[in-house]
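All chains are identified by letter, namely A, B and C, in their written order; residue positions are counted from 1 within each chain.
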Amino acid sequence: MKILLSALAEKLGLEFSGEDFEIVGVNTLEKAGPDELSFLVNPKYAPQMEKTRAGCVLTSGSYVGKTERTLLSSNVYMDLARVVDLFAEVQGCFEGVSELAYIHPDATVDESVTVYPFVFVGAQAHIGAGTVLFSGSYVGEKTVIGCDCIVYPNAVVMGGLELGDNVILQPGAVLGGDGYGFAQTAAGHMKIPQIGNVVVEDNVEIGSNSAIDRAALDTTRIGMGTKIDNLVQVGHNVEIGQHCLVIGQVGIGGSTKIGNGVVLAGQVGVADNAQIGDGAMVGAQSGVSGNVEPGSKLAGSPVMPAGTFLKAAGVCLPKLPELFKRVKKLEKELESLRSSRSGGDFYE
Amino acid sequence: MKILLSALAEKLGLEFSGEDFEIVGVNTLEKAGPDELSFLVNPKYAPQMEKTRAGCVLTSGSYVGKTERTLLSSNVYMDLARVVDLFAEVQGCFEGVSELAYIHPDATVDESVTVYPFVFVGAQAHIGAGTVLFSGSYVGEKTVIGCDCIVYPNAVVMGGLELGDNVILQPGAVLGGDGYGFAQTAAGHMKIPQIGNVVVEDNVEIGSNSAIDRAALDTTRIGMGTKIDNLVQVGHNVEIGQHCLVIGQVGIGGSTKIGNGVVLAGQVGVADNAQIGDGAMVGAQSGVSGNVEPGSKLAGSPVMPAGTFLKAAGVCLPKLPELFKRVKKLEKELESLRSSRSGGDFYE
Amino acid sequence: MKILLSALAEKLGLEFSGEDFEIVGVNTLEKAGPDELSFLVNPKYAPQMEKTRAGCVLTSGSYVGKTERTLLSSNVYMDLARVVDLFAEVQGCFEGVSELAYIHPDATVDESVTVYPFVFVGAQAHIGAGTVLFSGSYVGEKTVIGCDCIVYPNAVVMGGLELGDNVILQPGAVLGGDGYGFAQTAAGHMKIPQIGNVVVEDNVEIGSNSAIDRAALDTTRIGMGTKIDNLVQVGHNVEIGQHCLVIGQVGIGGSTKIGNGVVLAGQVGVADNAQIGDGAMVGAQSGVSGNVEPGSKLAGSPVMPAGTFLKAAGVCLPKLPELFKRVKKLEKELESLRSSRSGGDFYE
């Protein structure tokens, strides 16, 4: 695949400056060759503009002119996605329905579905048009998967679940494992059967080896367009709104409700029964419980306003041993001042 | 399935108040319909008692009378478990032993075992009566699995392991991967072969995509009735006692010993070679090393008494920047006081 | 397998003291029987030397003479690895290429490769001599796996990846899932196709259920001899150097560069676009962003020098509530001193 920069600019509605040229791929500033397009968003990488061998750089206004050829974009990441899409090869190498798969006779699988070897599709499951089930994936009984979904190798979708259209499950993701629900009894922890389900709305992506538990009763829900990274844990009866970003290794306790457009950074923990308002952002490794106001920016464990955390944990905490010494010194000085003053009183 | 509330009350030994009625299921207060039973334990959800459409609510003494019909329980979660059990359908849709499974000729599989397609059972493995091996699960050579266990899809039980009865492995759980053991040498990290095993006692449950490593030598042990949540890491030679609760994303370093009835909340990290006494409780995201006394309630990283942590990190830390200012002010004032006093001395 | 201690000493070049004797295995000090060898490295376990029933103990100079027989080693872990290796049985119970596997006709699989049932090998994949692919493992199209690798059950190696020789993937490990890359648009998060790959160099081990993402463009790289524990997340375009130790549940954000010989302890989080210099060590549960100098020892979230963290979070933080009281007392005393002084002024 080759494309003229002028043709690319026209296709994507971008402004092109420089001599026209045919590119054959996309790469980083550091690695791109003269026949590849690169891009710049993060100012941290701006110095690489000087040295890059890239034939052309896709970037925003501020960097135009620093290289021979530029494509000017008001949303570099979006246009990068569109360019890369032109060059991307679809993953996989299998077509049709493998004779080495097991499809229950009561399942309904659209004829356009790709079913790799060693896939299991349970009774009364339904798989929509254009969906691809990679090797080793599991679709439980009565589960409905929409159209144009990708279920990568060894991902598991247990029984009774509902997935919308364009859902992507990365390898090893597990949907619908039992929630963690036990009653304390004299004889030990008694399992509360988990009879709810999981609903995953359209355009959701769930990362490698993440685990989304089925509800105890009712539904665990992942809202439209939400993107969940790898190794994330979502407890039973959690509701996540639309267009959220849930970064790697986040853990969300049972029955917690998360609004729309929320960002949870890496390794954040959210307790059971919490509520996080629309548009809130929680910094990496933070611990959330209770209610978080819409639009808040929080960090720390337990969370506080992100600005406060930066000062308190980033600036002050390392100086805390010194502060203890300063306070001790103050105490001594004050004591000595009072003694001398007492002494003074004697003579007054 | 339908059941009269009076019959349900009698079956479970509960007190029923209100007009008799037939229920068809169980649901949350928010979602239950008039023909469903609901329940209330967490006072946070008490306001929903006013609005619920549930036909009956299972609850403790304090809430009786707030809805038309109640089932009175002294252990709501336990009785909820028993009610839900009446309505629960068993997961899965396969019976017998699939011809698409691989069972080594030297394995012994009880005739009542369910073996889905694409299951691997190794040489000299033994699978007890009533156990279900879901699609894609793996049972290594010489591994013994007890009776009435459930091994969900793509769970892995490596060779030489022992699982008791009523053990549940959620999808993707891995038992008996190699422990992380390397000797430092001039040529790099040299692998110490991990030749121990894992023993999982009766009634243990292990969550989706959790990983329990085999011992270097000897045994990694999970005690009877212990419940491990999703994405938990248990290092080699760890010993966990009976009836513990290990919540999502906890990590436990090698050779650590954990007593009975211990609770480790979400994302807790426990270092290598630590010891945690019976009944200890460790708050979410905490970091434990060394010895923890039985019955302790700890939090923080590194841990301190939970009450201290709540004050120190929850109340004081956010005010730390302000404290630095207060101390600086004190220092200035004291300095000025001393100067003026020195000045004063001059005139005295 | 039995071996005379004198023969073992000669084989490994160790000094043996005590009466010669035949050992049949290796075990911990606590569990070893009279016909087994044990070892001692961690001084914490030294008291067990008094009580051990072990026939011989492999240890360093300081403990020689505390038991009847000793093997003297200057690198106990290394020699332990070599001894255990003598007694270790290789895991697995299958030979040859299973007829229940799927190998694409365009794949090239060395004739010495072991392929278990339910393995998928994609088009143009290449599997080197002596490699073992356990049940349920997946090798995507165009992926090259070197010689003498072990891919344990249900591990996934997506398409287009390169693995060197002697690479070990523990069960459920996922290599080459899509990186987490989305462009923000008015319509929501737009997926940036992830068209880069993953390169894993020789002698790397990757733990159970860990996830190493493919690069957006270019390569995610794991350097020679690096050992990654369970449930670790490595983001797209990360570069990890040689001989690093990455302990359980560490998460590494996209495009981060990590030098050689770096140690990241359990549950550490590293932000996107960070850089960690050679030989740096980061304590458990710490949070790293920006640049870390070579050889640093850091801890805390955000990180500070490890010694400072121990004092600040381990010693001072628990006393912070008390410090607030001390400062308040100082303020009152100073105020009272100033008042009395003002009062004093009045009379002067």
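In this text, a residue touches a chain if its C-beta (ideal position, glycine included) is under 8 Å from a C-beta of that chain, and two chains touch if they have at least 3 such contacts.
In this text the structure is predicted, and so the values were computed from the model without any measurement.
Undergrad: For the identical-sequence pair chain B and chain C, what's the CA-based rotation angle in degrees, nearest 5?
TA: My answer is 120 degrees for the C-alpha fit.
Undergrad: Check the residue numbers that chain A and chain B use where they touch, and answer same if over half are used by both copies, otherwise different.
TA: Shared-number fraction below one half, so different.
Undergrad: Between chain A and chain B, what is the gap in Å from one C-alpha centre to the other?
TA: Result: the chain centres lie 24 Å from each other.
Undergrad: Which residues belonging to chain B are in contact with no fewer than two other chains?
TA: 100, 118, 136, 154, 172, 209, 231, 249, 267, 285, 301, 313, 317, 319-320, 323, 327, 330, 334, 337, 341
Undergrad: Under the definition above, what is the set of chain A residues touching chain B in their complex?
TA: Contacts found on chain A: 100, 102, 104, 118, 120, 122-124, 136, 138, 140-141, 154, 156, 158-159, 172, 174, 177-178, 180, 182-185, 188-193, 195, 209-211, 213, 216-218, 231, 233, 235, 237, 249, 251, 253, 267, 269, 271, 273, 285, 287, 300-302, 304-305, 308-309, 311-313, 315-317, 319-320, 323, 326-327, 330, 333-334, 337, 340-341.
Undergrad: Could you pull out which chain A residues touch chain C in their complex?
TA: Listed in rising order, the residues of chain A that touch chain C are 26-28, 30-31, 42, 44, 75, 77-81, 84-85, 87-89, 91-94, 98, 100, 116-118, 134-136, 152-154, 168, 170-172, 203, 205, 207-209, 224-225, 227, 229-231, 242-243, 245, 247-249, 266-267, 284-285, 301, 313-314, 317-321, 323-324, 327, 330-331, 334, 337-338, 341, 348.
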